[in-house]
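What follows is a set of structures for review.
Look at the two complexes coming up: chain A is in both, with chain B in one and chain C in the other.
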Partner chain A sequence: MSLDTVAIAQLTPEVQQPFAQLGLQPDEYARIKEILGRRPTSSELAMYSVMWSEHCSYKSSKVHLKQFGDKAPKSDALLVGIGENAGVVDVGQGYAVTFKIESHNHPSFVEPYQGAATGIGGIVRDILTMGARPIAVMDPLRFGPADASDTRRVLPGIVAGIGGYGNCLGLPNIGGEIVFDKTYAGNPLVNALCVGVMKHSDIKLAKAAGAGNLVVLFGAKTGGDGIGGVSVLASETFGTGGSTKRPSVQVGDPFVEKILIECSLEIFAEDLVVGIQDLGGAGLSCATSELASGGSGGMKVALDKVPLRDPSLSPEEILMSESQERMCAIVEPHKLARFLEICEKWDVTVTAIGEVTDGERLEITWNGEIIVDVPPRTVAHEGPVYNRPLAQPTYINEVNSQKVRVPIPSSANEIKSVVLKLASSPNLADKSWVTSQYDKYVQGNTIQSQPDDSGMVRIDEKTHLGIAISTDANANWSYLNPYEGAKLALAEAARNIATAGARPLAVTNCLNFGSPEDSGVMWQFAESVRGLADGCLEMGLPITGGNVSFYNQTGDTAILPTPVIGVLGVIQDVRTRTPMSFDVAGLNLYLLGDTYEDLAGSEWAFMHDERVGQSPIADLAREMRLIELLLEGHNEELFVAAHDLSQGGLSAGLTEMVLRYSTGATIVLSNVGIDLISESPGRVIIAIKVEKSDALNALAAKHSITLTKLGTTGGDSLVINDCVISLQELSTAHTSTFPKLFG
Partner chain B sequence: MRIGVVTFPGTLDDRDAARAVNRGGAEAIALWHADADLKNVDAVILPGGFSYGDYLRCGAISRFAPVMKLVIEAAHKGMPVLGICNGFQVLCESHLLPGALTRNSDLHFLCCDQQIEIVNNTTSWTSSFAAGEKITIPLKNGEGSFQCDDQTLIQLEDEGRIVARYVGDNPNGSRNLIAGITNSRGNVVGLMPHPEHAIDPLTGPTSQGLGFFTSILNAMVR
Partner chain C sequence: MAIIVVDVMLKPEILDPQGNAVASALPRLGFTFARSVRQGKRFEIEVEGEPTPDQFAEVEKAAEVLLSNPVIETYAVRVEK
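Up next is the complex of A and B:
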């Protein structure tokens, strides 16, 4: 194919262009022609197609996401907000923490290992790009039914990919989630979270300022992998034939990324860059247009200088390639020599491919001929915006008007059977089969990881300052009521941090939904965003960034609305954290919070295929009182252990606690059936020394939180009223599910 | 006392090893794979990670790093060298230790808290332990299954060169439950589990790994 230049495009307006195959709508194509005053060149078309994809442009979600800014609570903690590669939060002592979560769903279905691996790689580069050293990763996952044959292909591959890449980067994996549901069968969710730390003064931004400064590409060479990943893969619903899209999945090399991390941190430490951007989704198209529009707008790039793994690549392919482990920096000319020296030390390929100009155009040449000449903002930030039709789906009234019908246990045998069934259900069973494939120890700062309520990492060895993160989503509640579901997930994530004694500070999110072209899905999305924005405003937690993943559906069947909410908190002294369980007998066990007949969306209802009823209504004022209670109790060293109750209710919570350090408990419940299986939100189990009971009572009264005595710790059984379950039997039920399913 | 900690491209546990050295009472000295001198160190640690991405075979490329030429020479002259995980693999590839580390028998990466028994407490790196002492430290690797031919195995057993053995189920298929071995002189030790991640119960399962980093001080004093 001959080279399509700007000059040729001007002379040949009649040329038919494959905009539809590249994922662009006719009106979007018309708009590009209007912006340029001519037809785009094939390279320009390539750039617009990837940058205006749903994945990059947020064209369906933008009008809703605005609420995150409009309803933002006042916060002194936020140093960098939404819009940069990742938000940055002040955690005190001069430290800034950046964290973000992103989806890599479709690639992970097509090619589980590489899809998941490059999901980790991408989010780690986002964090690195802010100037931070990445210090930990987490991965909320969703799969089809645990016993489905395709889950046996997808799950082991994804787990191996996350481990293979993250372990090799030297990043501890400190938590995540694994949930199974049939709606994820053809569309698993792989969300990856990374957190990094830096000093305030080290924050870097994606901007190309200063005419004459150089555009420097460093890292891996560009290959033909991942071409059009964001448009072809991430922004379309899968029909059949997913595997034919395999060339659109990127292939990762964690060794190169590890080198790139160390090399970049050394470059940052010597203050050698003006601006920096990683090459992820939409590759060079994204990096050049975002850097240019982040500065004054002018940039010239000689595309033929880009080092290639495959010399036969065309300019269009180079612009669209999503080859991994690449970064683009803006460097002042007098600092280039030192920049090159550091790259040489680390054996990192580095090439100056262009320069910042004082114009307002992004101009890209190929062997001297101009193939792209565009206003960069129109590529990066002024894509189409859709206010898509939305309508409450008919199922909502239908399911909300029905009552959950499940057996409620009462006899000792029934109680035992329910506790064991919940303990062994794939959603609640022990996840060691997965987490033992992840390195949780590397870097030597991991304080908590799975199966603790949250992940916790020390960030200063001298002052013992630390951060905690939890990610949560309850798609069953979101399905019944997306507005409340988002709020409830936010509250749960915040609570999961507070149980350890960390104060919630900031929020990130990964919003996984079906097709935005379906008005019902769009309604679910809009309601979730509204719920999250309202919830964050009420709880005073700023949203620092996030990610939207649409088109998660198979044919006409959308996944459950799955807004994954991540909350970051800070703990002044990690040595004082409250663990999730106890290893001594004779402690008193209490329940904080009220238990109602909340069976809708519960694990017990899910196990009986009862997807009906009304989700609980989030009472965030009460959640905030509970968090304050937990933090105050932590400061007064009142608690021996604290564990959040969520999926599986009290039954699962007790199971997890007694098995953690193999110390039993004796529990007395008045309304045993509902008490065990209800999933009323805002509840925490507390273990305290007997002599602290009065103090706990006073604290609960002060914060107006209901306090109920559950029983005492000790023994080698979990005793609930007249039902006795040996820890041995409980442990076998809890730990054998995953090995049985996945080998 | 100065203990060098080598960083190859792709090394991950170097900062952890340095922290453990300092905690043990010695001074950690950073050594770079391309260094042409050992900076007057008294001992060397090759830490864990994926040096050179584990390309070709684990440790196969690192063996040829400039700094390794010096480490091998010094080891032959009696300098204490501890290879942990990937470092153990490098020592085998360098022929300072016999055998090889292969894929775990279940083919998965495994990260767990592993009990091991210190079988030989006469090496430079294990003298702080009692013979037969059982300690729990992290094990984390994908290729930790120790293999060697029958003759080598008999020799290692007969000469008391098994430094540590796994207790309980064999976690990775290693022959004779071998978790670590030494050379005949006792100055070079290769260990699959990670003592540097067990120096503080806050961040590891125990602090029982610290013994490896205090042993070396005793060895130097003697």
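Up next is the complex of A and C:
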């Protein structure tokens, strides 16, 4: 194909362009022509098509996401908010922490290992570009039924990819989730979270200010990886047809990324960059247009200077390539020499490809000919915005009006059977088969990781300041009531870090949904966003950023609405953290919170294929009182252990606690059936020394939280009323599921 | 007895970190001939007697399903006497 330049485009308005194949709508194409006053060149079309894709432009979600700003609670902790690569939070002692989740769902379905690996790579670079040293990753995952053949294909590949890339980078994997549901068959969710730490003064932003400053590309060479990945892959539903649209897969190289991290941090430390951006989805198109519009707007780039792995790439392909491990920096000319020196030291390929101008246009040339001449804001930020129709789907009233019908255990045998079934169900079973493939302790700062309630890492080795993170989503509740579901997930994530004694500080999210062109899905999305925004406002937790992944569906079947919420908190001294379980006998066990007949959306209902009823209503005021109680109890060293109750209710919570350190418990329950399987939110099991009972009673009364004595610790069985389950039997049930399924 | 050989290579457009590592190690050891290196893998499958066309077709199928990852790799099957 011959080169399509701006000059040619002006002379040949009649040329037919494949905008539809690139994922653009006719009116979007018309708008591009209107912006430019001519037809776009093929390179411009490539840029607009990737940047205006759902994945990059948030065109369907923008109108809703606005609420995160509008309803933002006042917070002194937030140093950098939504809009940058990742938000930054003040955690005290001069430290700032940045964290973010992103989805890599579709690439991970196509090529599980590389899809998941590059998902980790991408989010790590996002954190790096803020100026932070990445210190840990987490990954919430969703798969089709555990025994489905496609799950057996994608799960081992995804897990190996996360482990392979993360372990090579030397980043501990401190948690996540694995949930199975038939709606994720053919559309697994791979969300990756990364957290990084820096000093306040080290924060870097994505902007290209100062005419004459240089645009410098560094990192891996550009190849044909994932071309069109953004527009064709992430924004269209998989057909049943198969391979015709399959783009070339991005392959990650964690060792190059590791070098890129060290090289970038050295460059940051010497203050050699004005602005920086990583190359992720939409590659150079995204980096150049976002950097330019972050500054005054003017930038000139000579695309032919981009170092190529495959010399046959056309300019359009170079602009769209999603080759991994690349970064783009804005560097003042007098600092370039030092910049190049550092890159040479680390053996990182580096090229100045352009400069910032005082104009307002992004101009890209190919061997001297102008192939792109656009106002960068129209590419990066002023894409189409859709107020898509939304309507409450008919299933909502139908399922909400029905009652969950499941067997309720009462006899000793029934209790035993329920506890063992829950312990071994794939969603609740021991996940060591997966997490043992991840390096959880590298760097030596990991305090907590799976199966603890949250991941916790130390960030200062002298003061023992630490941070804790938990990610949660209960898609079953979100399906029944997306508004409450989002609030409940937020509350759960916050609770999960408070049990250890960390104070919740900030929120990130990854919103995984079906097609936004389906009004029912759009309603689920809008309700989830509204719920999350209201919840964050009420709990006083700012949202620092997030990610939206639409088009998660196979044919007409959308996935369950899956808003994954991540909450980050801070703990002053990690040595004081409250563990999730106990290893001594003779402690008293208590339940904090109220248990109602909340069976809708529960694991027990899920196991009986009962996807009906009404989700619990989130009582965030009570959740906040519970969190305050937990933090106060932690400060007073009241608790020996604290463990959040969520999926699987008290049955799963007790199972996890007694198996953690192989110390049994004897429990007496008055309403044993419901008590065991209900998943009422806002509940925590705590273990205390007997002599602390009065103090605990006083604390619970002070925060108006219901306190119920459950029993005592000790022995080698879990005893519930007259039902005795040996820890060995319970452990076998809990730990054999994954090895049996995935070998 | 014959040996059916399956050669598996990454597709040309796919990044090959191992090949790159080899390519950058060569000059360090004084070998200066390589412009680039791609690394693949080779399977040698022993079969009884002369391979039949059916057998050959089966190996091709196995190459597609198990020995290679057709999303990112290509394979070539041949008989070695």
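A few comments on the model shown:
Convention: the second predicted complex is superposed on the first by the 736 of 743 C-alpha atoms of A that agree within 3 Å, B and C clash if a C-alpha of one lies under 4 Å from a C-alpha of the other, contacts with A are read in each partner's own complex, and residues count from 1 in each chain.
The working rule: a contact is a pair of C-beta atoms (placed from the backbone, for glycine too) under 8 Å apart; a residue touches a chain by one contact, two chains touch by 3 or more.
The shown structure was predicted, so the numbers you read here are calculated from the model rather than taken from an experiment.
Contacts of A:Q324 after superposition on the shared chain: chain C is touched, whereas chain B is not.
Of the two partner chains placed around the shared chain by superposition, chain B and chain C are both touched by A:F255. Of the two partner chains placed by superposition, A:K66 touches none, neither chain B nor chain C. Contacts of A:K305 after superposition: neither chain B nor chain C is touched. Of the two partner chains, neither chain B nor chain C is touched by A:K403.
Of the two partner chains, chain C is the only one that A:D225 touches; chain B does not reach it. Of the two partner chains placed by superposition, only chain C is touched by A:V110; chain B is not.
Looking at the shared chain after the overlay, A:G444 reaches chain B, while chain C stays out of its contact range.
When chain B and chain C are set side by side, the one touching more residues of chain A is B. Comparing the two interfaces of chain A, the one with chain B and the one with chain C have residues 253, 255-256, 347 in common. Of all residues in chain B, those touching chain A in their complex are 9-10, 12-13, 15-16, 19, 49-50, 52-55, 108-112, 138, 140, 142, 194, 196-197, 202-204. Contact residues of chain A toward chain B in the complex are 160, 163-164, 167-170, 253-256, 258-259, 346-347, 435-447, 458, 461, 574-575. Interface residues of chain A, counted against chain C in their complex, comprise 110-111, 114, 220, 223-225, 246, 248-253, 255-256, 309-310, 323-324, 347. Contact residues on chain C toward chain A in their complex (touch as defined above): 10-17, 20-21, 24, 69, 71-72.
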